[in-house]
């Protein structure tokens, strides 16, 4: 599990005066990047091993709006990992009020750079199991 | 039901060489806009009636990658409509090969500009029922 | 010279209720893509020849705001082309009122996939010269 | 003058494998936000005074590419301030190698919420003069 915090950018808001809902999908991804950094690796290193974690599904539930300049925290963890796929979970909350803003998950399939489904390399499966707790 | 087609923008791709998964959420929304235009209205007119359709949940399944400059089509329709909420469905496909690229849905809650949950105005419920078929 | 028209997406607006200024840079790029398509090629074909047109400078002047769902037109043309670099010009205007919304330019340098500055291939220089008028 | 650092997001890259050039315009804006926070205010407070700093021009020069997960720093400062308008300057660099990635500026005009050009309120002009150094 890892958390990363940042301020809402003006470009991430929309005409409703709140953060656009697609922005959270980008924040989820930044949560994954932070999880990997926190555990001592980078998704770049994963790709350097000739594999990619392509996104097969994403879901987000929106609980409360976020606004420009607010400090938000994205919590990300591995929910489950199988031989060829895995699921990440997310919680986004207001870093000051602790109010939950959104929850969600994303499913990923391991593929080779040629696009074929492949086993998640053992060292990475171990890595992600550590990232689960 | 309505369809809208456009070319994939370079900015919508990522380092994997394919369209970034968050882009589809933006395309879904453009599908909603096209649905309303096709049915003779605009979401702007909806907001002008003092209500908004805030997004409460979004889900996307990714079936095949899209690439820069490809012509894609977003099909959008109303799956169900209740007194205070409704669900839109989406299919994104390659306009030339007809290959399905992604499917998804989004749930929306009707709120007043003050943020209170409200009934979808009758004239708009009728409008969206027409948009279902 | 070529023109392409599309509706303003909700995600392209910001808390000010108008199109975010960074969006125009993406629209300029879509203008370049449309220019190439109109002239019978694709930037994909350019890259397939082992070269890229990397952006070295971009400038935009904002004249009037655009809003959600408005139909906008991007006009793009080649202003000048040298052996290794070229400049595209842009005009964005409201497709209905014809009001000018923004103008700008972008400078590009031809590089190989290894990142070295290179001459723009002859066939492409001819292609872009046709695109100038 | 203020600096803010963050990791490059995957969504900010494009098919060239580098950060898309429009992303820098968003980073510039985040530099402005950080400048205001560092000086003890927020752009939200500026807007709460009934005025906005609308962008009238933006320019960026690209010196070297940035890639996914790299730590980048945006330096932002006020270059000049007049009664109704002001210019911000930007330098983006790789936080580890210190390599300059991009420079740029943005011009802003003070307008009322009704869209009329207005004087920058005195207290804010003083604020921005402090932000210049």
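Per-chain numbering from 1; labels A, B, C and D assigned in written order.
The definition used in the following text is that a residue touches a chain if its C-beta (ideal position, glycine included) is under 8 Å from a C-beta of that chain, and two chains touch if they have at least 3 such contacts.
Just so it is clear, the model here is predicted, and its values are computed rather than measured.
Chain pair with the larger contact count among B-C and A-C is B-C, by C-beta pairs in contact. Placing every chain at the mean of its C-alpha atoms, the farthest one from subunit A is found to be C.
Taking each chain's centre as the average of its CA atoms, subunit A and subunit B sit 23 Å apart.
For this pair, subunit B with subunit C, the centres built from the Cα atoms lie 27 Å apart. A separation of 32 Å divides the Cα centre of subunit A from that of subunit C.
Those residues of subunit A in touch with two or more other chains are numbered 10-11, 22, 26, 29, 67-68.
Here subunit B touches subunit A in the complex through residues 16, 21-23, 25-26, 29, 52, 54-62, 65, going by the rule given at the top. Touching subunit C in their complex are the following residues of subunit A: 10-11, 13-15, 17-18, 20, 22, 67-68.
Those residues of subunit B whose C-beta lies close enough to touch subunit C in the complex are 6-7, 9-11, 26, 29-30, 33-34, 37, 42-44, 67-69.
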